[in-house]
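One chain, subunit A, appears in both complexes that follow, with subunit B as partner in the first and subunit C in the second.
Our next item is the complex of A and B:
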């Protein structure tokens, strides 16, 4: 544990910038919104509110070339090459919900029978600096999903704003080697206790700040898993869905993708992997037009099954929702996850 | 080298022969260019592969060959962008293959039982593998029946195989068409009409059903009425697939993924998945 003066925090960002492509939150003056994207040591803003987009795009880009091939029909010759990207990237100022989301994706892509090689390469040389939320935001409910307000694991360095300085905790060998080079003063147990106090205080602040976002996830998990939820509830939820797919795009754990082959005029073809959303009608439509999941409520309950069911949790080793509140933030209907949990809970009388 | 499973990079295979089956359906006999793969590409009945048509894309397709002593081939209907492009290919052209994926039909578990195959239209393609495999081990099973229906005599799949099968002693084949032609001497009527003409074994019997959803539901009803239990009815499902290895989630049905948990399900499982067939 080290103590870093407020003004010195940029030193870390600058040092990371030398070895890695730096990603972090920044305040976009034009839109007045905070985004998570490529930044430099000067533009990164550790105090910025939770960004509108999760860091998912760094490890799972919206559109990416995963394979390239060329087929010479005359010579009957095909050349195939996978395109892997293992450029070093640093994520700076990650909130604990987003870090938990990243861990969910890790477990999903790397922890099952088949390892996703494209993802593994993205993830192979990554440096993560997380940031404790000493104050929650309006849409947050990470306390309901056990993913905040402070990260417990998965980071190389974790920062906590203690007021006049930051507490830096080390989470890996890589993080240790990195921060030792700065010769920051060591922090004491007092500082650790102070952090603990701040985290506890942050949890109590949810009651006043995140007034409308509460999701009693454990209460509905059983129902979602076993399917004992009335069809009318899914219809009610489905009727509010505009099929825009925004919830999937801003979700830190949604990773459904589509694959398309696109050819260039030179005769090269790229296999493209793009984000997809289970709310789209074409998602489950097969060649020939048969679509087993036609009504919108069928597709909507799929997403919440993914976030809230026990079966899916086995893949993430935790619920699929990390409580960042972005789905509620972007939904043009009124079916962000906290609301859906409420709708289902209302029907449970025992 | 042990058994091959091609997950990430498609292996290149050459089309050795193309056989016209029915309108818009062709069989493509394939051979892997990599000799090491060619001899070691072991499949199970009921599994599927992801086939790349260069320049067009990739599609999931069931495997009709038997796991033992059979030429590697796929039978594909021209139905979308990628399969259209596949049908335009000629002998000697290359395709990419990933797989085999999926759980496959049970084989050891059904030994000693009577086996009924019920297929509708091109639903015979995925069942072909199991039929041939079971016939290769004829004496390990009880009665073997095939109930097969299609729209018209021209729509009967694998006609040359059907003729062979009809000659095999102890393989009871019953064929029907929805709409007959003057030349058609066989049964006319939808597949369920066969059920009244055939003595169906019920005890110690397993039924494989594959066909369009309407036919599937009607057949299930007939089988259940006769007392065949839902866990003794086996089918293979079709879904929109992109990766084949449980990552893209397109084929999610209920809590399972058709690519890794399926595509073979018992009717008991299908009932609990809570989705249309």
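Our next item is the complex of A and C:
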């Protein structure tokens, strides 16, 4: 544990920038909206609110070329090249929800029988600096999903704003070696206690949706898994779905993708990977035309089966939701995950 | 830091987004959370716009029938070809997707250089009907209210519009308002999503929208809740006397108590707004007039939360009319026969404007005796393919566009242009909001922005426009257009647009059109209601489907929206006709069984989709499945031109 003066926090970003492509939150110059993207030590904004886009974009882009091939007709030879990208990347100022999301995606792409090589390359040389939320943002509910407001694991360094200085905790050997080079003063147990106090205070500052949903996420998980949810509830939820796919796109843990080949005029063909969503009808349609989840309410409850069922928790040891609240921001209906928990919970009450 | 703010250019909602631009490629999109209309949301199209913007299916070089040529040679060929025809033989088919600057430059090219008034956009009738009624009634040729203020309306009526699929973010706003206490009423002949989300759904017989609104107005008037000080009230009152109020139940299939309920809520609410579809499947003139009159009578125009609001289906449909892309219009809905306006344009352009009466391109193509010989087509959707034979027989066709397009196969000269993110330009959304889209990247190949290309064509024809930048064009538009008077790229920079009328006196624009001079607009024709009969017992309605509205060329360039369209096509490869479960039972068919849809003048093959959304005795077919439905629709061209209200009695036979 080290203590870093407020003004020195950017030294970390600048040092990372020398060895890594630096990603972090920044505020758009025109309207001040926060995004998580490539930044430099000067533009990264540690105090920025939770970014519009989840950092999964760094390792699992919205649209990505994963393979290239060209067929030489004369030689009857195909040139195939995998497009791996293992450039070193540093994620700076990651919030605990998003870090948890990254861990969920890791388990999907890396933790199963088949390892996704494209993803593995992206993830292979990564340095993570997380940032404790001493004040939660509007619509956050990570307290209900065991993913915040402070990160417990998965980081190389974790920062906590103690007021006039930051507490830096080390989470890995890589993190230790990196931060030792700065010769920051060591922090004491008092500082660790202060952090704990701030986190406890932060937990009391969540808005109603988090406070009211708390403890119910687990109860609702139980309900969803055992299937005791009336059809009318799913219909009520499905009716409000405009099939935009936004909830999947903004979700830090959603991993579904679609594959397409696109040819250029020069005769190159690129294999593209794009984000996909279970809210789309074409997503669950099978070859031959059968669609097990054709009506919208069936597609919609699929999302919540995926996020809130025991199968997810068995596989990944946690719910598939990290409580960032983004799905509630972007939903054209009113069926962000916290609201769905509320609807189901209302039914349990009745 | 590659997320750059911009405007979505699919539909007329004009949502704000951020594109992830890396070099010349666009790799992602996220919604703008501070945009006044979209407030952090996008629809399925908007969420996948980067797939279109990063497509490889671009036109990369100018070409003629013999092969690739330089811009200079292609332009020379175009100019010499067009110069060899008489003005009445030349027409410009411009695109409702192009920016205001591009469309203004094209309009100027057509009128000042090639001396023709034959200039029009696709989907003219629907939006034009709305603009004609609103202009006649209030002097404002655009939405009277605002999308931004939907949440302020106490009563909201959706009139025959599948709004959550056509303009999903507008639908989302309506849903938000309804959740927060507004009374949402849907009047439609199909159980759409918005109907399900409404507190009151009036499922009317197809083709009776006008009668229903007239009945509501009749009741408001008879209860003396109406505003009678509006001009032409006496004539309107006489018109209302003939309204089938007492028989409305029989005529429209809705109860009189529902009509009275809506009438009372509408009249007594502090604010109310009505939304209906515009564009290719808009409403008829008389229906829009009835809706407008009803709201004028209820005194629900010209105030916060109020409005008669046609919702344009294409991003710059409103702007295209604003730019005078119609045979009889100059910019800002100034009529070409208005001598003072015409003189201003002639002075500014230092050219005589044509006297020749213009006709729309669709009309010229459909009329085999029309003098049309040379046609310039800009960035068009596949709908024009229905005129394939005529297009093939034309001596000269030029195509201007950014993306590859089957229409280009008809062209003698093809000129590529940039996409909207590779140049600056403004777009005017359904609520008159002029938004600046700034250049975000250079094109990956050597192509010109349209405004520059048009300037080069004018120069090659010996009449240079001398525009150095798109902003110069907006300055010229402002100088010629009262409603755009104070609009400039500088005024629009770093803003989410300005709603016209935007004058020097009122540079911040207007959320509501002034209605102090409002007058009732009398419908022109008697009621025409199509009845089912013994031989043709089903009333067939025609409409749009979400992912593929307008037989859309650009949707072919995406992956996810295209897959969604294909998902429908794979299930129903011959197109579909949706019928109620009890009717399917009667006919003896199951879902996806082939049927023959027989009408008096034509028939078509389709597959059955069994759906609770259609009422017994009615059927619904989407426009978009070209191969099966186009010839059927051509036989009923006059009916199809009624847009959303098009109703054809049919028989459905099991094959």
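Remarks
Heads up, the rule we're going with is that the second predicted complex is superposed on the first by the 330 of 350 C-alpha atoms of A that agree within 3 Å, B and C clash if a C-alpha of one lies under 4 Å from a C-alpha of the other, contacts with A are read in each partner's own complex, and residues count from 1 in each chain.
One rule holds in what follows: a contact is a pair of C-beta atoms (placed from the backbone, for glycine too) under 8 Å apart; a residue touches a chain by one contact, two chains touch by 3 or more.
Since we're looking at a predicted model, the values are computed, not measured.
Under the clash rule set out above, the superposition-derived model of subunit A with subunit B and subunit C shows the two partners fitting side by side. Applying the stated contact rule after C-alpha superposition, one finds that A:112 touches subunit B and leaves subunit C untouched. Within the superposed three-chain model, A:346 lies out of touch with both subunit B and subunit C [touch as defined at top]. In the superposed model, A:312 makes contact with subunit B only, not with subunit C. Of the two partner chains, subunit B is the only one that A:292 touches; subunit C does not reach it. Shared-chain residue A:37: touches subunit C; no touch with subunit B.
In the superposition on chain A, A:183 makes contact with neither subunit B nor subunit C. Legend: residue contacts after superposition of the two complexes on their common chain; A:260 is shown touching both subunit B and subunit C. Of the two partner chains, neither subunit B nor subunit C is touched by A:74. Between subunit B and subunit C, an angle of 80 degrees opens at the CA centre of subunit A in the superposed model, to the nearest 10. Here's the short version: in the overlay, subunit B gets within 8 Å of subunit C at its closest Cα pair. Across the superposed pair, subunit B and subunit C both touch subunit A at residues 258, 260, 263, 276, 285.
Only residues 26, 28, 30-33, 35, 37-39, 43, 52-53, 57, 61-64, 239-240, 242-246, 249-250, 258, 260, 262-265, 272, 274, 276, 280-282, 285, 289, 291, 329-334 of subunit A touch subunit C when the two sit together in their complex.
Looking at the complex, you find that subunit B touches subunit A at residues 7-10, 12, 14, 52, 54-59, 79-83, 92-94, 96, 213, 238-240, 242-243, 245-250, 252-253, 255, 260, 274-277. Considering their complex, residues 1-3, 5, 18, 20, 27-34, 40-44, 46-48, 50-51, 54-56, 60, 164-165, 168-169, 171-172, 175-176, 179, 193, 196-197, 494, 546, 559-560, 563-564, 566-568, 570-571 of subunit C touch subunit A.
Residue ranges on subunit A touching subunit B, taken from their complex, read 67, 69, 71, 73, 76-78, 80, 82, 108-109, 112-114, 116-117, 225, 227, 255-261, 263, 269, 271, 276, 278, 283-288, 290, 292-294, 298, 302, 305-306, 309, 311-312.
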